[in-house]
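Heads up, the next two complexes both have chain A, just with different partners, chain B and then chain C.
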Partner chain A sequence: MVIEPRGNISRGVQMAIPVIAALVALGLAALPLGFAGAPILEAYKQMFIGVFGSVFSFTEMLTRATPLIFTGLAAALAFKARLWNIGAEGQLYLGAMGAVAVGTGLIDGPAVLMIPLVMIAGAAAGAAGMLGPAILKTRFGADEVVTSLLLNFIILIFVQMMLEGPLKDPMSMGWPQSEPILDNAALPQLIPRMRIHAGLIVALVAAVIAQIALTKTTWGFKIRAVGENAAAARHAGINANRTLLGVACISGALAGLAGVSEVAGLKGYLTTDLSPGYGYSGIVVAMLAGLSPMGVVIAALYVASVFVGADSMSRAMGVSSFLADLVVSMSLISVLVGGFFARYRIRFAGKAGAGR
Partner chain B sequence: MDMLQIFLNESFWVASLRIATPLIFGVLGALLCERAGVLNLGIEGIFVVGAMVGWMSVYAGAPLWLGVIAAAAAGGLFGLFHAILTVPLGLSQHVSGLGITLFATSAASFLYRTILPDVSSPPRITAFQPMDVPFLSDIPFLGPVVFQQTALTWLALIMVGVVWWVINRTPLGVALQAVGDNPDAVNAQGLSVYKLRIGAVMAGSALMALGGAFLTMSAFDAFFFGMVNGRGWICIALVIFASWRPGKALLGALLFGMFDAFQVRLQTEAGAVVPSQIFLMAPYVLSIIALVIVARKAEYPRALLHPWFKGHR
Partner chain C sequence: MNKPLILTLAGLTKRFGDVIANDAIDLTLHQGEVLALLGENGAGKTTLMNMLFGHYTPDAGYVEIICEDGTPLRLPPGQPQAAIDARIGMVHQHFTLAENLTALDNILLGSESLLSLRRHRRAARAKIEGLMQDSGLIAPLDEKIGALSVGERQRVEILKALFHDARVLVLDEPTAVLTPQEADSLFVSLRKMVDRGLSVIFISHKLHEVLAFSDRIAVLRHGKKVGELTTADADKNQIATLMVGEETALPDREACAVGDPVLELKSVTVRRENTRNSLNDVSLCVRAGEIVGVAGVSGNGQSALAQVISGLERPDRGSIAVAGQVMPAPTPKGMIKAHVGRIPEDRHHDGVVGSMTVAENLIIERLDAPDVQTRGFLRKKRIAQHARELVQAYDVRGPGIDARAALLSGGNIQKLILARVLEQEPLVILANQPTRGLDFGAAGEVARRLMEARKRGAGVVLISEDLDEVLSLADRIVVMHDGQLIEADTRDRAAIGLLMAGQAA
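On to the complex of A and B.
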């Protein structure tokens, strides 16, 4: 058996891979559905209705996609520079804490002032959350995979501590939650009586900016150069460490904005269950998107559809909503394998030194 | 506050060894994979699978040891999955590992929820009990600390010796180290790089699953969502701290267990002054510190993260 590279991969094939991977993962969901004893076609129908059945359910999906666009962008930019930021979950909570710290009464002003302020605070907190592991990497050579992962746990415990201490809402009857975000600091709703909020607009703008920055600026070129070959990039006069620290800040800031968007756009206050793992799902989103920022938007819509659809199906049919996590994780593995088959062909040849 | 008293208390040492046990399994498992050149970030999910499968087997009526075997087999299966993706296909070990963790965690959680849909409080099994070795357990101090642990702690200690022996004293171990340093040389010797790497990842993953099984079958007697709580990631940090050596892996896990047991006891004494969360953060902070200390000197297996394709040069 010999594995050979295929040469150039057409853009069409490149775009088709994640679509096929997503469909394969959705198809494979039939196995756990069958195991759970659910009528399979009916379950798929319920999932579809759960997303596209009404205007409300569709806006719910968009609401769910909003933090995923942010965390997906965070992962995509970092991975592009081959900086393994697996800490988006923690950075999301840091961003939410930053938003709560300034947006619950510390300062007050008109919305035009408060909303940018809350976003800047959250983005800065998130950026700090990834700058730490990046410095440990560039200064001490400590693997950022491990440090950013472990930071997720540290930050979540820190949030608990803050919610029982300085950030605790004295009116919350003992529940560990923060004071509510002021009305002036909250992201406005987009449609009356729906939960969809302006965070989605911010996320889309961020995706467009990221796309332009990555493909059309020297900064984007440096990121790609460092990611493809750090040694060569250094040789070409690019300060690889500074580029990595810069990407770390932007990546952390984007993940922080996911937290701002959830807390100031959706929930209104901070609790320790703000995120059901958006940081980790963001990695799947980024990989499905082939690390392209505009692709992140589409991939986030898909992952959000799986979550919202499976939740709705779960309520209707009593199948565990862990099905959604299964489909999302299988999508990641499928797109990884799909990428392989696009890049290589496997030839089953005789023994006579094939491929040499 | 009498800190010395803590160290003199045998219950402290019993707890240290108990806390260290899943980490010993996990670090040994990660060590086997990485020595062969494959980073296995599936570890966190494989812990969950081991915890769930071991517990569920016993809950379904299997004897305890059959549950242990089932957990190891399930871990090996997920290891095979990771190995196929990363060894012959040569895909990103980072992404594949994270994918395995997400997949294994959700699969275990889905199975648990599907088999036991309506349980509000987690059902319990009769877990491994501390062994009572006649005579030896009666030795003052050493008796309770070493001889009143459960059989799985013993298995972990035995596995340290087994892994050390295989790596340092057998031809297989020589081949295993070579495949993580210089796969071309292994291939030139006529050995299969693929088989060695796949085998090492499967064996390592089986060990990781035993770490999970210890949680539900010895430390506790039930399965909870989120019970692994980063232990797998801590092992990935500890294996670097241990310079990929079984003896140092044991030492690292024990130091970690001691620290954790110490902070729990300190917490009861200092709890009034310091928020309890500071102590909860300690294990993760400690892992990061340990990693930073050794990072510059760490000699990674040279072919770690590098896929190797037959017929390519």
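On to the complex of A and C.
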């Protein structure tokens, strides 16, 4: 058996792979559904209704996609520079904590002032969260996979500590949660009586800016050069370390904004279950998107649809909503396998005449 | 031929996409014979041997080996194990040794069953020591490969093949990394083994060693066998013509007025754990309008010298000055700004970002320039136009300026780098192994461009392992050995060879 690289891969094929992979993964979901004894077609129908059945369900999906766009962008930008930021989950919490720190009464002002302030505080906190691992990497060669990943747990415990202490809401009757975000610091709702909020707009704007920055600016050029071949970039006079530190800050800031958007747009106050793993799902989103910022938007919508659809299906059919995790995971595997087959072909050498 | 036939390659053909790397090549090898496979880079020598060894599956044709009992055996295509079982040994140009294992372990690697509980090391060692005695190929068996010199590693590779009772030994450019003296002793050893019945195919593009060592010569050009002759009847010019196809004109050496110093290294010392990357009190002065050739066996500090001049390595002691200006803290960017053009040794690794486009690679060294960007935004139209002009002027052939640079051939990647560097009309040009791995045409182009830059008044540092290249291009020759530079006052090959081996002439 011989694995041979294919020649040039056309753009069409590259675009088609994630789509096909997503469909294959959805199709494969029939297997566990079958095991669970659910009528398969009915289950798919419920999943579809759960996302597209009503305006409410659709906006729910968009609400769910919002933090995924942020964390997906965080991962995509960092990964473009081969900076493996696995710490978006922690940076999300740092961002949420930054938002809570300034947005719950420390300062007060009109919304035009408070909303940007809350976002800047959250972004800065998130950026700081990734700057540390990046400095350790560029100074001492410490593997940022390890440092950023483990920081997640440290940060989560730190959040717990803060919620039991300085940030604790005295009115919460003992629950470990922060004071609520002031009304004029909260992200406005987009549609009355729906949970969808302005965080989505910010996320979409961030995606557009990231796309432009990556493809049309010298900064994006440097990121791509450092990521694809750091030795050549360095040889060509690009300061690879500075580029990495810059990417780390932007990546951390985006993850921090995910936290701001959740806490100031959706929940209103900070708890330790703010994120059901959006930071980690962001990695999946980025990979599904092939690290393209606009692709991140589409991939985030897909992943959010699977989550929301599977939730509603599990309610309607009585099967476990863990199916959503399964579909998302299988999508990623399908994309990776699909990407492999796009780049390589496998040839089976004839065994005939093997006279040894 | 009175020697018995041992190996036949019949009609071997290999295509890579649209490129025919080997076109219906027939070849025979007799027992106790040395067959030289001669051809310029890219002629298809290595591809052919990789098919023989089962690394590549031929598109047509077959390999047949005559067993010891005289029965012919056709090797199944694409199976290295079959080639090993048929006792064909191959020593690749780039060694395939595990650096963290000892020489002995490397030789035994692959010969021991995973299921066997005992290791027959004592018997193996005895056998290898016998082989060393017979062949004169001495290697320290208990040293880790990482601590061995290139020459020793090569001996380990050959011993490994012999340990597996190779009847046919294939050597891919065995002398590329050796000093002339080391090469000579390698040939003496191989000759001993050949006299005992070993058959050798060796790949080379060095005429003199082919003439000195082989019994028969097969010449490849552009994937075809263009000639086969016995060495005794061979004529140097005839073979060269077969190999190249046409006369290659050496670039004109017009006398050039030598000007002021453009690059001065004073007592530069770089200390690294690995002596390969160390410089010991190196001083070098390059003047405008001269090419200084740095000869030497690779791994004697050339890469450290190149890194210092490129701005990638800061010397521990000593100073570096460009056009009379001392560079206090050299960086790659600072060197570019000081008009030092750098052609890196490893063009794929350091020269281009393979997954970025040709146009992008052409501007990568000057992202700040006003014709590349305005306020941080890339001026894509200007960049594309600039790329089209350069690609035309420097004859960079490939799928176009928006194609990934990795899709270009080695020669065209080098032309891309030349275009990027020379377009800036640098004062100093560092050319580190600029023609390594290039075919005659591309190598000639590189040489012509360097001569052109010299004429314009640039000072060129040419680091090369290829002594012929240094002799033909350089106005002045220095030799690098063990981290030190020695001025060579001679242009005599043998004398420079001795300096390269660390012996004063």
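Convention: the second predicted complex is superposed on the first by the 349 of 356 C-alpha atoms of A that agree within 3 Å, B and C clash if a C-alpha of one lies under 4 Å from a C-alpha of the other, contacts with A are read in each partner's own complex, and residues count from 1 in each chain.
Criterion: contacts are C-beta pairs under 8 Å (C-beta built on N, C-alpha and C of every residue); 3 or more make two chains touch, one makes a residue touch a chain.
The structure presented is a predicted model; accordingly, all values stated were derived computationally and were not measured.
Colleague: Have a look at where A:141 lands relative to chain B and chain C in the superposition and call it first, second, both or neither.
Modeller: first
Colleague: Using the touch definition from the top, say if A:239 reaches chain B (first), chain C (second), both or neither.
Modeller: second
Colleague: Check whether A:153 is in contact with chain B, with chain C, with both or with neither, and answer first, second, both or neither.
Modeller: After superposition on chain A, A:153 lies in contact with chain B alone.
Colleague: First (chain B), second (chain C), both or neither: which does A:225 touch?
Modeller: A:225: touches chain C, not chain B.
Colleague: Please name the chain, chain B or chain C, that touches the greater number of residues in chain A.
Modeller: In the superposed model, B touches more residues of chain A.
Colleague: Following superposition on chain A, which residues of chain A contact chain B and also contact chain C?
Modeller: Residues common to the chain A contacts of chain C and of chain B are 2, 354-356, listed in rising order.
Colleague: Would you mind writing out the residues of chain A in touch with chain B in their complex?
Modeller: So the residues of chain A in touch with chain B come to 1-3, 32, 35-36, 84, 86, 136, 140-143, 145-147, 149-154, 157-158, 160-161, 164-165, 280, 283-284, 287, 318-320, 322-323, 325-326, 328-330, 332-333, 336-337, 339-340, 354-356.
Colleague: Once bound in the complex, which stretches of chain A touch chain C?
Modeller: Result: residues 2, 7-8, 216-219, 221-222, 224-225, 228-229, 231-239, 347, 349-356 of chain A touch chain C.
Colleague: Could you list, by residue number, the parts of chain C that touch chain A in their complex?
Modeller: 17, 57, 73-74, 76-79, 81-82, 85-86, 310-312, 331-333, 335-336, 342, 344, 349-356, 360, 364-365, 367-368, 372-373, 376-378, 380, 399, 403, 407
Colleague: Enumerate the contact residues on chain B facing chain A in the complex.
Modeller: Those in contact with chain A are residues 41, 85, 88-92, 94-96, 98-100, 102-103, 105-107, 109-111, 113-114, 117, 229-230, 233-234, 236-237, 240, 275, 277-278, 280-281, 284-285, 287-288, 291-292, 295-296, 298, 309-312.
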